[in-house]
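Here come two complexes built around chain A, the first alongside chain B, the second alongside chain C.
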Partner chain A sequence: AYAPVLRGCHLAIPSHRTAVQAWVESLRHYDDRHVGLADLHPDVFAVMPRVDILHTVAVWQRNYKRISYAKVKTRAEVRGGGKKPWAQKGSGRARHGSIRSPLWRGGGIIHGPRGPTSYYYMLPMKVRVLGLKVALTAKLMQDNLHVVDGLDMPTFDPQYLADLAQYRRWGQSVLIVDVNKMPENITKAAASLKTITLVPALGLNVYSLLKYETLVLTLDTLAFLEEKLLWHDSRYTALYPFHLPYSDFP
Partner chain B sequence: MGTLLQLARWGLLGRSLSLVQTARSLHCGVSSWIHVKLPPEPKEVDRWTEKRALFGVYDNIGILGDFQVHPKDLITGPRWLQGWRGNELQRCIRKKQFVGHRMFDQDYKNLNKRIRFLYRRFNRTGKHR
Partner chain C sequence: MAAASRGGGGGPKALELLRALPRVSLVNLRPNPGAKKSERRRGRGRHGGKKSGRGHKGQRQRGNRPRLGFEGGQTPFYLIIPKYGYNEGHSHRRQYHPLSLQKLQYLIDLGRVDPTQPIDLTQLTNARGVTIQPLKRDYGVQLVEKGADNFSAKVNIEVQMASELAIAAIEKNGGVITTGFYDPRSLEILCKPIPFFLRGQPIPKRMLPPEDLVRYYTDAKNRGYLANPSNIPEARLELAKKYGYVLPDISKDELFQMLSTRKDPRQIFFGLAPGWVVNMSEKKILKPTDERLLRYYSS
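Here is the complex of A and B:
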């Protein structure tokens, strides 16, 4: 047999905390569940389980892109209605100034939805980062996080992937995240499966983590995520937006 | 609710057009039947379409990817509303700034009327002016 894959944490762990650990698995064989052991940084994978932050971030993700296109016409925009329908006095009917007033059938709507409305807002960057950390913690603590040494598969058969997920009791839906370019076999296999999705590491987000039951990360993704998420714990506040050049960052 | 035809027209039948709103009849007496209409069956929603499975992906592209892209750049929609939020008067003014020069004549006049009305409404009436 091969030597076990042992992954230590590359970034410094505070002295009062110890690393959390997860089994490293492999996709090469259907029963490769204990290929090695990985140390995970506690400030990313063992934070306080803030369910309210998960809610805030998930609601933000749903709403910040939302643009509602509902629009109704007011009495000024409805066609017609410039002329007074009948004289003010004498006809016996109620007094009216236009046939498109909101009282009339076919008239304008007063307080209806007006034009494309956007619901855009941004949460503070550290809240969004903390949301990711809490979601990753929740996945690890609820036994839904699996670390894989690589995404190499023996076949491109989608049935192999589905059977593997079922045998290892991963759950109804699996989200597989990788930093590098993904091999062809797994791309072809996941393309035809609905509930198993391949996502690049840039696409990780709280909404998807809540939607999918299981999360599968590669070792490179672990290092990438720890580096990106821990930087915010000890950075200076931004004097100008981060997309402009700083002398000591990236 | 209505007949099967009305349901189909309102797009409420979804994929299963063979749904029949079953009406059962209660027999009460020798020759009188009461037709009882049941509530419509819930439409089947596929929670794992491409759009629903990949919703929210790339929302953290800023924090995970060196801040070159901002999530507001991912929003698709009218250009005067991408990554911006405002009340109705602000939206009308911004629309006029962005696309006023190429709007149709009647729409432009309506937009100006609306701006004038909202300005006077917000700044001259009510408790907060």
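Here is the complex of A and C:
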């Protein structure tokens, strides 16, 4: 048969740590589970399992986009209520100044939601990066991470992909990540499947990682993720926004 | 989760624990115990309720207290103390960020600053050794004596102010020090060159120092950039005699050419002259050709 695929770690590993390893699988045959062995960088795939950081980042992802459009009228905005309903003294009833005061039925609301409110806030860049690292570690340590050498499929039949996932006991939902453009077969197969999703590497986020039970990465995605996530460990602080060009680092 | 609440165990043990625990998913997330303390809301329950922290009757409860600083009619503290101009004109005072020789040695040792090239404020900012805020009346960097005993680096450095001992320490190791003035606009361009180049404006010429600083920068003792170059060797000898060290001869040095590069009084960057436009995206430099512009920029 073919020689085993052995992927070493391209970036330097600190001397006190060793790489963690994962089986490299293949999608070409339904039982191609041990095509090779991949070395994964410990500072990305074996960090301290900070579940509280996962919570922080997941909550941030849910809330920073939220704009609540709820708005209620105060007593000044409710239509009417400028005239004193009856004289201050003499009528025997309670004294009132307007029919739209908060005490009245149909009156304004005092401390209600006022106008569109934004719940936008940004977590520090390094916290978000650490969240991704912890999520990848959790997936690897709980046997939910699978590395694939490529996304080449023999057919575009969605049933083949579903049977493969079930045979290899991947889990109920699978997230497949790739850096390069994905081949037609797998895009057609996953398009009709609800539980298996394809995602480009830039769209990887903590919420999706936690939502889907299994994660499938290609070897190129591994290199991409390791490079991007490790860069933040040893970088200078930003003088000006990172989207402007820097000469000494990417 | 359990890994966070245990505390001990370290990295590998925590990962082993994680393997045995149920799958981490959106339903399992919670913050660390003690991280989220709920706020005390007024009017709700025993601790925030009843009088809601307002006290009993009177101006306190009814929200009618007098203004801050009022002392019941007695002339208040803030009126009885006479004014004196301690902070008067503080926003017009020039500030110079201190850079100790110890920090400079630290940067050179770690390789963040290259001693084989002339050291400028741009190099120091890129190495994140100093952070200059031109908008907060920073006029540059001043060299401070701390760490002069252990300083041993031969550098060509350009700062805005330097004390005598710092100049002596640098020249003792065979380096060259100059003091130069940068007006706020040139300083901003010097500290953050790339956002300036992206603006597409021509490099302005550096303005000359104001009256009170002209004296400082024309003095050879301070190694000012406007001083007469022939006075500087005498000043170096004087300092060597004063502090008692042998002045090394830099003209016989291999890096002599690099050590003797100095900037023109109107120049901001080493390789670029005022008036040029730098195009970052196409990596080109455009120079002016009009006679009036050339006359203006070379004056």
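One rule holds in what follows: the second predicted complex is superposed on the first by the 250 of 250 C-alpha atoms of A that agree within 3 Å, B and C clash if a C-alpha of one lies under 4 Å from a C-alpha of the other, contacts with A are read in each partner's own complex, and residues count from 1 in each chain.
Here is the rule we go by: contacts are C-beta pairs under 8 Å (C-beta built on N, C-alpha and C of every residue); 3 or more make two chains touch, one makes a residue touch a chain.
All values derive from a computational prediction rather than experimental measurement.
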Chain A as common anchor, with chain B and chain C clashing or fitting: fit
Which superposed partner A:243 touches (first chain B, second chain C, both, neither): first
Residues of chain A touched, compared between chain B and chain C (which is higher): B
First, second, both or neither for A:119, with chain B first and chain C second: first
Which of chain B and chain C A:142 touches, first, second, both or neither: second
First (chain B), second (chain C), both or neither touched by A:49: second
C-alpha centroid angle, chain C to chain B via chain A, nearest 10°: 100
First (chain B), second (chain C), both or neither touched by A:207: both
Gap in Å between nearest CA atoms once chain C and chain B share a frame through chain A: 7
Common ground on chain A, meaning residues reached by chain C in one complex and by chain B in the other: 207, 211
Complex contacts: residues of chain C adjacent to chain A: 1, 3-4, 11, 14-15, 17-19, 21, 23-26, 28-32, 35, 125-126, 128, 191-192, 194-195, 198, 280
Contact set on chain A toward chain B in their complex: 61-62, 64-65, 67, 74, 76-77, 114-122, 125, 128-129, 132, 173, 194-195, 197, 199, 201-208, 211, 224-225, 228-229, 232, 241-243, 250
Residues of chain A touching chain C in the complex: 46-52, 54-56, 58-59, 137-138, 141-144, 207, 210-211, 213, 236-237, 239-240, 244-248
Complex contacts: residues of chain B adjacent to chain A: 48, 53-68, 70-72, 74-75, 77-78, 81-86, 88, 91-92, 95, 110, 113-114, 117
